[in-house]
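Next come two complexes, and both contain subunit A; in the first it sits with subunit B, in the second with subunit C.
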Partner chain A sequence: MSRTTETALVREGRSSYEGAAATAIGLSGVMFAVGLGTLVDVLEITTPVAGVQLSTAMGIVLLSLGVGIISFGLASRLDYVDTRPQPSAGIVAAIAFTGVWFAIGALVAGAIGLGTVSWMAVGLVAGAVAFAVTAFPREDIGSTLPAGSVAVLGGVALTIGVIGPGWEWVLVSYNATLFGDTAVPVVVMFASLLTGWAAAKAYGGFGTRGRNVGAYVLIYLIVLSILAVLVGLVAFVVVKGSPGLFHGFSIGGEQVISWPFLTNGASLLADVAGVFPALVGTVWLVIGAVLFAVPTGVGAAVFLSEYAEQGRFTQVVEVATNGLWSTPSIVFGLFGAAFLIPRFGNNKSLIAGMLTLGFMLLPLVLITSREAILAVPDEYRDASAALGVSKWKTIRSVVLPAAVPGITTGVILGVGRIAGETAPILLTTGGGVLPGKSAAPSVLGGFQLSASPPFVTNPSLLEATSALPYQLYALITAGLSGNIEAPQQFAWGLALTLLLVVLVFYAIGIATRYYFRKKLHQ
Partner chain B sequence: MSSHTGLGIQDWRKHVEQRLQRTREFVTETEPAALAIVILSIGSLLTAFGGFLLASSWTAIPFATFLVSTGYGWIRHQALIARTVTFAMTTVTIVTLGLIVVFIFYEAIPAFQYESATVFGVSVPGLGMFTQTRWDAVTEPVRYSLLPMIHGTVMVTAIATLVAAPLGVAAALFIAEIAPPTVRELVKPGIEILAGIPSIVYGFIGFTVINPWTSTEFALNGGSTYLFVGLVVGLMALPTVVSVAEDALTSVPDSMKDGALALGATDWQSMTSITLPAAFSGVSAAVLLGVGRAIGETMAATVMLAGTQAIPDPVTNVFYGYETLTSLIARGYGSSTGVHESALFAAGIVLFVTVLCLSIASQYIEARMRRRLGGAE
Partner chain C sequence: MSQTDPIDATDEMNRTAEQTISTTDGETAEETRSEWVDYDTGGETKLAIKNLDVYYGDDHALKDVSMDIPEQSVTALIGPSGCGKSTFLRCLNRMNDRIRSASINGTVELDSEDIYQDGIDLVELRKRVGMVFQSPNPFPKSIRANVSYGPRKHGDIETGLLARLTGRADPESEEELVKRSLERAALWEEVSDRLEDNALGLSGGQQQRLCIARCLAVDPEIILMDEPASALDPIATSKIEDLIEDLAQDYTVVVVTHSMQQAARVSDQTAVFLTGGELVEYDNTEKIFEDPESQRVEDYISGKFG
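Our next item is the complex of A and B:
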């Protein structure tokens, strides 16, 4: 046989090998998704599939995946296909498989009912064998055999029904029980993760290219899962909350739009209980926080980046700002309760909440404004200075306008965050669980002049006020019940309203950023 | 910093003299009217702050004076007043942090005194919170141990970190190195939005969906578990890890990666052998910040946990969730008085100090990394 035909043959073998590996990757992905579906009860493990229960069917697929993965390794090791494996699968894979097999050994031994010492021993032996199998043979065996064996073991257990619908394992000391309908999907998801990775390595022909493909498959899977969780969460709240939010919603008629959930308070008289007072409360909290934090934050950012010399003082401010940024929200709440409440009439009040949220917003505004101001090119400042413009005029008419996009984006995103904060206003603002419409604060009309200090008062600023996140919390602690029709539906509608308020801020913030970035690149 | 004290004092004296000299120059150069306005504005602001601290109802007067004098100065001497006012605004962050420390510690004093414990004949205030495990504010003996809640916080944070750290770093790698530009423009805002979902919404879903589900799925008494609170909190800490780690990864100069790629390395090789090691400190800072977020996460924990102040048996029991430091405060504040309320502030101190230390540590790590990469550029 001439050399050219040999390579052609090998190449042909390789393409069918790649095809098989790609199929295995796809099948692993499907198994992962089915496992996830079973875990969240979209599917039942007892559902009949092609004449057998779903758990048995998944077992058969896992078993064949496992056998397939091992044969990929063997085919490569016996040189049936042209791959480029390295001498060893590497220490990272070895440690990972040691951990995996230690856990499997320990769990199996524990489920059989062995004592602590025995399951430890079994786990250690399994881990040691896995380490040896991964680290010492060539990479094609080292990365397929341990992964394929997991799938084979899981597949056998599911197929013969060792783990299945009726299975349970009572964890006596934990006072908990593991059932088949949780264990089966977990086994399937975990095993398919490993087979997917191993098949991806085989697809890449092992070696550096194989590792590249294997890692990419895992990372893509992770990112997809994160996005799926995000979409799932939002969709779930939208589906559950829409009936409440749009209860009694109509377009046309006397008022152009009638949206009772947003315009009513909660009372027995109203046809549809609504969240108006809490919505207004949130709006005022945000306005108050912005009025305090935005000028302060932007001013500080201007001073730090334009006037101050880099030194001890700027360093301290930076540390303090980052420290404030990461301070837990409940600590801000405690601070507001200890510092602000005694100074504003000794009970929970709207203004205490405004300032507490303002303190939280301040570091966010400062950090983003400073970044935006530092991003303004020095050429702008130099050009202005060359024209004989004074420093302050340069800042006012050159630097700040150029930094406005960044500052706006930062402020909007920051506002989105504080609008959903519950912990600080729980301790400082309070309010009723199901306030009537009259409880909505009327800040603008509330100002009064008086002859004694402090001369200007505003009772609605000094009253405990409900806000969207607080009302949701209060409803939950009240056990989702109250003097309204369908409190569950009301609570979900409230959750959706809150989510929408926050997401609208985020959407606007992100859209602004894109708009300005596009303008910048034109 | 000089270890020689005499030299240090000399340096300091020189520094002060320079400052004085500059101040004198500033005073002589500035118009007397402008100077007067600045002094009036700063003075009235300080007075207003003092009045506010003393909870005086006369605070309005100096505050009004500040507004008027600043407004007048803005019209007549804008540059000077702008500089002064922005300086005053800069100090607000430091002052706020200082006030937080002072007020939380002040409120916690009674609890520290109540929970004194004696070591070697010396009474150490607050030690009793960490040497026994009983928290009971109602039945005798009334004790305020923080250990059960610290245990809860550690459990939740550990599980959350196991979720957020690997997933967060993987997602950051994806955004910074792997994703094609169009995909990146979709994924990045997606993860930002994940950060925007309010914690009480997570808590609400946890309370109405996850808790009942775990209760039946694992045959538990009640559905509160550290396991699932940890998972939820991990999801909430994830965006912090992603965005900070992504910043660190993108700050690695392209020239370093290009070198590896030119030598024929695969993308994954250049990531694991160049980008990740170079950005290692930034990535660990990201994880530290994520841990800080997880420790401070309040509402999801409050709503999902059972609210009993006890350590589960055995201590590794993730199937039962009792209380964390944050949920203790959120649940207990308002219905508590006296030493009990003060003990909540003590819990706040533990939280605040831990998270502040994490924040400072991560800043230190980041600064070191920036210095190192700056040298490589």
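Our next item is the complex of A and C:
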């Protein structure tokens, strides 16, 4: 493509425009965060801000953002600033805005009580107009006008209180009611997502650079919301669970740390009911499952990737393992109940649970180990073979060490899943709803030598044991009642303990992986 | 093809080779070819390759190659990409066995012993015939562990926990071996103070010399090098070239190279492979580069072809 005009590499006279656009991006980000906060009830839409309710304040900001965005587009279109817009905002933006405006038109028409045909028609008209406005004008108008209008419309609705604290919309056909404290943050978040994107495009001066900045901002806002959901979930459990978990917690005194919730059983005599038996049960279940699944899984992966002829057989195994990994856990639980329990004394037992969870863990360990082994460069195998080192020694001293970080990742993921499983434990391990401290399995101390085969026995492996997720389930099914004070607080503390146990297992796995990676690369 | 026929007497080799060629391909030009490859090296023959054919599936990668490789010298294999020179090299320590689709006919004799006969011990073979690859491929381990890898795995030195507990560990002999191998590979000076560092932290040229040291540590008789300097910068390349010349005093070196200058600089005799997997000419390096018999080789060397 020949260039008819010279374009300057340095764009001049845009600093105030860029400054305004950057402010709009920042404001959109703040609005998005505030919207998120109100959605998860950190903030209330009725909170007074500068003399008005939060929802009204958000409306005013949205309105000014919308007007600002539209003026960015106009300033660019009227050549007040040096931008490089493309002829059109593009088909993707056009289709997206068509969808957005169809939804807005249909919702508005529906909310004011028009019939099906009418709201459909209004939506279609709005969508068609949005398509035309996006697709046909130059990019600066095409990407600011439809986005800015959304913000203006939302802003007006919030400012004058069409949607606000007292607002509700009964959705007859869904048998539900939409309230203002849900609708307001949704409107704010959605509109600020659009304004953030459009402002970012204006900041980049439209064109290639503008699209780049726009995508960047959009992705960041979405990542922010995903992170917020994660943090929100954890924070919720922590806030609800802390009172239970730290009930009676003290440092100093007779014992250095006294943490009755973790060290007590749930007996009538104890001052503070605790989860000790379930905690120990969960830890032993995970350890048992890992001890069973990791050697078998890694061994099978070594066979499949190093020894077996790649072909029909390995494909079948691969499909089967993928299928096993996505098999519902209740199926594993039924297998454990029907196959393992009769073989271990016909009682629910710790070892049956360990093996069942081990079976669940096995496919993931196999899949990830296989990937990790295949990812080890063939050069290492060649180099080792050229030194006359046998295949097995090569696998043991070169291939497996190089694959350990990948294998560990698989085990981490798997442990996260099995530690929280309820259904298999319900069917294979059992245990009481509120077991006393003496019900905790003492696996290490339980080994006994005997004179007859199998010479070593361990009764605690053969006893029913509680586990954290199972105890939580059992408590909820029992209607959050029992011989303990504040069962609800107890249950939340239990949930937090489970979360922490899983996080501790993660931490161990990540530390292991870090150690081996460092060993490989430093 | 008749290459699988048993060939019992070495002195009949050339005649048999010619017979095979004339039976497979009757053209006169092809017959004279065997004269260009029938080069008497003068030295003690270390490796004798007779009527070697290699197929990858249906692809005839190497066609009826016969040559003698003399002891304690550098033999260069040159030719355009895809001419089979790397395939040929990998036949010499049976690394081609690792490729499932490869099938090999013919014989390769190491000290008059066919390495393709039944019952050959691949471990012993590869201990005697070491190999250095095109791109440096040290293990993700410490420099020391890389060098001592071969001997440790062969049980020649013991450093493991059990050996240490039972007093069989001999850290001094490991130290000695590592030092000797690295010195021989001209790397000791650069790494002597950081033997515990990961080998992946070395530069490309250092990594390649480490791979040579790793190969020397198992005390081979022959060292095969597959374009050992093609991934390296000129300075690292010249270090490798100096090393190759130096190694030829004690070892038999066979080196595949893209670079004709490199072949001319380091080798005593040169074999030219051309497209289609045929060995076209094998002679004294000077003769090949100054006055090749074959027109095609002359074209290739002067840059008209390939």
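Note that in this section the second predicted complex is superposed on the first by the 417 of 522 C-alpha atoms of A that agree within 3 Å, B and C clash if a C-alpha of one lies under 4 Å from a C-alpha of the other, contacts with A are read in each partner's own complex, and residues count from 1 in each chain.
By definition in this document, a residue touches a chain if its C-beta (ideal position, glycine included) is under 8 Å from a C-beta of that chain, and two chains touch if they have at least 3 such contacts.
Fair warning: this is a prediction, and the values are worked out from it, not measured in the lab.
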| item | value |
| --- | --- |
| Partner chain(s) touched by A:P295 [first = subunit B, second = subunit C, both, neither] | first |
| First (subunit B), second (subunit C), both or neither touched by A:Y515 | neither |
| Which superposed partner A:A402 touches (first subunit B, second subunit C, both, neither) | second |
| First, second, both or neither for A:V502, with subunit B first and subunit C second | first |
| Partner chain in contact with A:T327 - subunit B first, subunit C second, else both or neither | first |
| Contacts of A:P377 with subunit B and subunit C, given as first, second, both or neither | second |
| Greater residue coverage of subunit A in the superposed arrangement, subunit B or subunit C | B |
| Partner chain(s) touched by A:F136 [first = subunit B, second = subunit C, both, neither] | neither |
| First, second, both or neither for A:V389, with subunit B first and subunit C second | second |
| On subunit A, positions contacted by subunit B and by subunit C | 390, 393 |
| Contact footprint of subunit A on subunit C as seen in their complex | 93, 95, 98, 122-127, 130-131, 133, 135, 137-141, 149-150, 153-154, 197-198, 200-201, 211, 214-215, 218 |
| Contact set on subunit A toward subunit C in their complex | 377, 379-380, 382-390, 393, 397-398, 401-402, 520-522 |
| Complex contact set, residues of subunit B against subunit A | 52, 55, 57-61, 78-79, 82-83, 85-94, 96-97, 99-100, 103-104, 106-107, 167, 170-171, 173-174, 178-179, 187, 189-201, 203-205, 207-208, 213, 217-221, 235, 238, 265-269, 289, 292-293, 295-299, 302-303, 313-314, 317, 319-320, 326, 329-330, 333-334, 344-345, 348, 351-352, 355-356, 358-360, 363 |
| Sites on subunit A touched by subunit B in the complex | 41, 171, 173-179, 181-182, 208-209, 211-212, 215-216, 218-220, 222-223, 225-227, 229-230, 233-234, 236-237, 295-297, 299-300, 302-304, 307-308, 316-335, 337-339, 342-343, 359, 362-363, 366, 390-393, 395-396, 413, 416-417, 419-423, 426-427, 430, 452-456, 469, 472-473, 476-477, 480, 488, 491, 495, 498-499, 502-503, 505-506, 510 |
